[in-house]
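Below is one structure, written out as structure tokens; comments come after it.
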């Protein structure tokens, strides 16, 4: 769809640069993988540092990478200079987050001028198999002309 | 309401013990404050380690403490031996999470046998004033008789 | 709070006039009750015409009045000429919707320039008692300058 | 996936019979179209009877058919005798609901023993084109052994 054509040819550099400034992602040990127009993947290795009380990856850690994946998927389609903020998200947790790695795959469902809807499917990988463990939908807001809120 | 009467007299010890096992909370620097029947508060000091790209506290970090506050508010009312898991949550982000401290105040709206609805209001404190910055609603599931899922 | 001061002194007339144009409310048999700054109540009498398969009021009918109550609570605080549209809502259904009447009480949590968060608590009344049966949170958008979208 | 194999060979008859008992669907003028394992479509013709104040189909009417589509998609996979209830849903509204017809396409994302996650995409059809206007995710609960709650 034409709405998935980036308005900023440097979208990938911009998204990777912004991700590098998210202190939380470094603290969690998350890294950014694929960056395509309207699609961003973020990977989190499970560890005790991101766990909840039963040893699974904490729903908050899953939500953190899923929110970032949704937000950056939205940012790939925003005009140069615009910043992205999350207005709301909902996440359904389908199975315990356990495995060798957790991958959040964010994609834009609809990019509007002010609001973008993105969806992130989160998978746990184990022994070469992927299992859907969570699904997030997020409303992202395009912020233009506000000091300190770029990318 | 009678549904806010704990079925487990040791609910506070149990909640604090379970919180201590959440590796993510330690990683974020969050601590548990008030624990009452149907109510739990969790505090997070803002820092670059939990930030997003504009320097605000990341929506995922806000959601993490809000989810834990909701989950533990629910656990205060669950029978001994039961474990709590989040089935879903939605969070609306109302203002940038900046300030001296972020406080997530979770409370039970309705405790059912299988599902509990809890709400967490998140406030940013600055110079003695509190401002509402986010609101989360979560569905928590009571898990009984599953190995490895207690508290 | 000052943010609950209506920008339009005729907010009540405006809300009641807009409600009267919602064909769905008439079809469902719903009526608007209290209209205050930031608060609107809508009442629905249970009947087979709004039921689901077990005879309870359908979740969609509950959501319909809860969404309208949230939207009109938001509209009470919007400037003259602006229109309101729902961007998203989530509803948690806590108990079967049965009783003598269903009342949706909407209130504004935070009114921003573009986005407003409102919450609606839905109660079933029976023999003079009210029971909380559902809770909705909605993001409402202020629309200005779009032809056909006023109030 | 094997989890999409119906446990009840009469799932289609059962779903259509249950839909016929939903008074709200008749009141709205909605009809059930396709019924497949894990997938149900519901169609609503736009009319003043289901409108909001600007003449679009009301978000509550869109949510009503989307919720029913999600619930019946879930019911296709439930064991004989079980009933389905909605625990929660969230809907994002992407564009005004206008057109010749509104179609809600529900599908199961994951069917668990107690909870099922379903997603409904809602399209507006106009002049042979379909446009995505809303997206709903719902948590459905399998109810077994409760009098009055079958199908």
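A, B, C and D are the chain letters, set down in written order, and residue numbers restart from 1 in every chain.
In this text, contacts are C-beta pairs under 8 Å (C-beta built on N, C-alpha and C of every residue); 3 or more make two chains touch, one makes a residue touch a chain.
According to UniProt, the chain labels map to these proteins: A, B, C, D = Medium/long-chain acyl-CoA thioesterase YigI.
Note that the structure is predicted; figures quoted are calculated from it, not measured.
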item	value
Of B-D and A-D, pair with higher C-beta contact tally	A-D
Subunit A-subunit B separation of Cα centroids, rounded to whole Å	22
Separation of mean Cα positions, subunit D and subunit B [Å, integer]	32
Separation of subunit A from subunit D, taking each centre as the mean of its C-alpha atoms, in whole Å	28
For subunit B, residues that touch 2 or more chains besides their own	87-88, 90, 92, 139
Chain-level touch network, classified as line, ring, star, complete or other	complete
Subunit D-facing residues of subunit A, complex	90, 92, 94-95, 109-110, 112, 117, 119, 132, 135, 137, 139
Partner subunit B, residues of subunit A touching it in the complex	18-19, 21-24, 26-28, 47-55, 58-61, 63-65, 67-68, 83, 85-93, 96, 148-151
Sites on subunit D touched by subunit B in the complex	87-88, 90, 114-115, 139, 141
